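Order as written gives the chain letters A, B, C and D; numbering starts at 1 within each chain.
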Amino acid sequence: MTELGEDRYGKQAIRLVRVVKDGPRHVVRDLTVGITLQGAAFGASYVNGDNALVIATDTMKNTVYAFARDRLSGSIEAFGRVLAEHFAASPQVDRATVSIREHRWERLAAGGAPALDAFARDSSWTRVAWVAVAGREVTIEAGIEDLALMKTAKSSFAGFPRDPFTTLAETSDRIMATQVRARWRYVSPTIDHDAVFERVRATFLEVFAEHDSPSVQASIWIVGRAVLERHPEVAEISMALPNLHHLLVDLAPFGLDNPGLVFVATTEPHGLIEATVRRS
Amino acid sequence: MTELGEDRYGKQAIRLVRVVKDGPRHVVRDLTVGITLQGAAFGASYVNGDNALVIATDTMKNTVYAFARDRLSGSIEAFGRVLAEHFAASPQVDRATVSIREHRWERLAAGGAPALDAFARDSSWTRVAWVAVAGREVTIEAGIEDLALMKTAKSSFAGFPRDPFTTLAETSDRIMATQVRARWRYVSPTIDHDAVFERVRATFLEVFAEHDSPSVQASIWIVGRAVLERHPEVAEISMALPNLHHLLVDLAPFGLDNPGLVFVATTEPHGLIEATVRRS
Amino acid sequence: MTELGEDRYGKQAIRLVRVVKDGPRHVVRDLTVGITLQGAAFGASYVNGDNALVIATDTMKNTVYAFARDRLSGSIEAFGRVLAEHFAASPQVDRATVSIREHRWERLAAGGAPALDAFARDSSWTRVAWVAVAGREVTIEAGIEDLALMKTAKSSFAGFPRDPFTTLAETSDRIMATQVRARWRYVSPTIDHDAVFERVRATFLEVFAEHDSPSVQASIWIVGRAVLERHPEVAEISMALPNLHHLLVDLAPFGLDNPGLVFVATTEPHGLIEATVRRS
Amino acid sequence: MTELGEDRYGKQAIRLVRVVKDGPRHVVRDLTVGITLQGAAFGASYVNGDNALVIATDTMKNTVYAFARDRLSGSIEAFGRVLAEHFAASPQVDRATVSIREHRWERLAAGGAPALDAFARDSSWTRVAWVAVAGREVTIEAGIEDLALMKTAKSSFAGFPRDPFTTLAETSDRIMATQVRARWRYVSPTIDHDAVFERVRATFLEVFAEHDSPSVQASIWIVGRAVLERHPEVAEISMALPNLHHLLVDLAPFGLDNPGLVFVATTEPHGLIEATVRRS
């Protein structure tokens, strides 16, 4: 006999630009929204082909655009909550999850002042929010993605075990480069999301810059612990940090030394270190 | 106080080509391998910056290449198991997981016969395997990715609820297109992996082609149940199927009807339906 | 003083699926179409901001969809010609170029026979056509893209000069792997495009498989010359072949030799060889 | 009879990170370099399979890394010139072209001051240089890529012709969004490349922000003319600007108007406008 296990469905990659036109100084909000619904009642759509309770994913998309008209005035966390609560209010929905990625546009300069209505996209990092609503329970997470970081000093890797397949030399001075995926859960949904996000981001970057790293593993711990220690709003933080190896080029055949100066940047293969740091 | 939560680390995107040269008729194996280790003992590398037990990810890469020399003669599941058991044998490893994607190369024709040593890559789908070893427990999963499928008939979507944000028309005749991500777990690790994989794949494609689909949800159930019913080796199967909408073009402004003939293929936004079907 | 130099404009990435429903056995045509117009009269749109002669790119898109209803029954070259001649008929257009990429869908099996209405995309290569119409002159080119090929024998690279920066060893036995971009121009626009394309493709693959390659450069010449010699319909052929290096892994640290068995597949950096072979 | 037409070869995607360590304040240069050689003498490598004059692309790569050790201290244009002149000095080379993309890393903050050795990548735009050396002739071009821009006002599109396939409404208020590819040629190779580049970039952004756009075509002209008028160092400038359409969402079904507030951001299909503005 077969049965349905875990299931979920929704709409992804809803691309939305909202221009705020309160006067000549425009503001651009550029979001990619995803909606995911779960509920025991949806089982019938799988097992019986019965769509009577299936909120169409096209309807989800329409709802996002309609809500963007009047309810997207603050943080992406707030907008995600409005959406998640809307969908969670349907009786067949046990849990509604909304993910929002915000693509940042910076104001150009015009005539020596910030332009009113012209922007350049800043692709250097992406702010992400996840809001889950299940009954009266609201869980909000925030995160940073698409952020490439590099340390050219204070990064080592030594003291690791050697077996017959180990050829890596110990190093007390290497490049550490990564592409950050960080995600943290807030203790409470009712905080000043924009302000706290900025403070967490500042801590993350500052500790990344300052710390001595004996490994990517230790870096996750050091950065994560600092976030928790400085920001009581954060309950736990998870990171997935690829180790984007920069290989020292052997210049000896050309009669040159290479004391940490010239590197090949690579993406394949890469280390991948993932961990969560949380309050105990 | 802070503590370490879940953690794992390893090497990803190890790109490996193994040419089998038993005589003039060569065989190409083209794999992307990933290694992931977990273990309570690794906590010290995070919390204390102590690498004494950290198997370097560079060592993992070397091991994959060395093992490819003599131990990659059968299925990717078998190769994954050899690797996973190797790493799981280290006392600090509680669980070793190996993922392998196999990129398929087809023999070209030369002089009216299959070429001995020339190949074209078939990118139409990718076979994937995951092998996890924890102590004596071995879990093997297989899957298909990068497979785009389309039904131009026998796909409908109707009977769904309408709310103030619903504009989608009911339809008894639509294009259903998706990019398959399917993954199934085997009841036992000791089966003929190549043969069973091919049989599961054949069932998947045949049932996809033949069934009447009232929704992507129902398609997952119908295909998944058939896989379980026909293949006792499979314990459960999960799918993540995007609904890649094909929008009927309104040709009325040009004096033309469009009875299901001309469509815009889109990727954004897309539905995403995920579910597991298992034995009960 | 400033002036306008070369200019062109149009619509790209028009995604079109046409389902042919002459009876229960459906046929899928999946195209990506691009339209580019050139004409001296368009200068006013740049220099004077005068759109009086600017065919909107939205109109181009509409035209493609409308024409797909009734005029897409044969080769992509024929469809491209219909479109290019339509746009070239506007007096402000000196030259209209249409590019079409066809994404191939293969019929699935159902009940032991080819399915009537279910398909899997074959991503292993893409057929491309370019049609340019300028007045009464019609130029048609065809090509292959997204085709990955590999030779595991009959590929060498030796006899090249050595300077102080040369470290590469000569080799009489290497893997040659590439991703083909080939494009050829037909002597005349009035040929059986589907048949000739298939014959050229067969020659390309067969000669690639059979020839001995002293370099990628020579391979282009050998394959290109064969296409011209066997296919009088082809006036010239151009190729851009990346040399996707497969690096022999040094297994000596692990006590193993590696006589051309285990390779690292790489994409960065890669050689890139481009040349045209033509009738003299 | 067949003959060789145009040909060129070289190495692409050479990924190079150079850390400048003159004291504790490090500087990161992150480049992707490409080398392309042309020369009549290379014909023999195609036609005769004779590699006697073929500078190996691996040697090109080595040269780039070796030169990065001591000769990468200024602009990418200067580094490109050193490389191009090196390769052009070989008698078999008629023309050597070097392309360099610089990936920008910004200094993080640490302890309230700019960090000495920690950086975040700024992916918002990429500076590109092309240097061609043929005998004594040196041609230098510079450019900007990967720069996304948006105007939320002062962009219209009206007055275009209407034919039976035209459905687009005229608009005096639309979003104009694009991803810039701009490339300009300098009158002379001996200028202060870093300074001039920054001035050209500033002009480009400022004029983009300030101008009234009746079409993307006119925007290219207006921006290009300003670059030429303000910067005598520039001989001509070419742009390829996709028109990344932002479609106004129809909110009427939900009882809402949408006066230029809520848009769907799209990439397929897109307009593509390409033109050169030059001194006459």
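Everything below uses one rule, namely that a contact is a pair of C-beta atoms (placed from the backbone, for glycine too) under 8 Å apart; a residue touches a chain by one contact, two chains touch by 3 or more.
Here the structure is a predicted model, which means the values were calculated and not measured.
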item: Selected interface, A-C versus C-D, where C-beta contact pairs are more numerous; value: C-D
item: Far-end chain from subunit A, centres as C-alpha averages; value: C
item: Distance from subunit D to subunit C - Cα centre to Cα centre, in angstrom; value: 24
item: Cα-centroid distance, subunit A relative to subunit C, in whole angstrom; value: 37
item: Subunit C: positions in contact with at least two other chains; value: 15, 62, 66, 165, 167, 253-254, 266-268
item: Residues of subunit D defined as touching subunit B within the complex; value: 164-165, 167, 253-254, 266-268
item: Parts of subunit A lying in touch with subunit B, wherever the complex brings them together; value: 1-15, 34, 36, 42, 45-59, 61-63, 66, 157-161, 163, 165-168, 214-218, 220-221, 224-225, 228-229, 236, 238, 242-243, 267-280
item: Parts of subunit B lying in touch with subunit C, wherever the complex brings them together; value: 15-21, 24, 26, 28, 30, 62, 65-66, 68-70, 105-106, 108-111, 115-125, 146-154, 175, 202, 205-206, 208-210, 246, 249, 251, 253-254, 256, 258-266
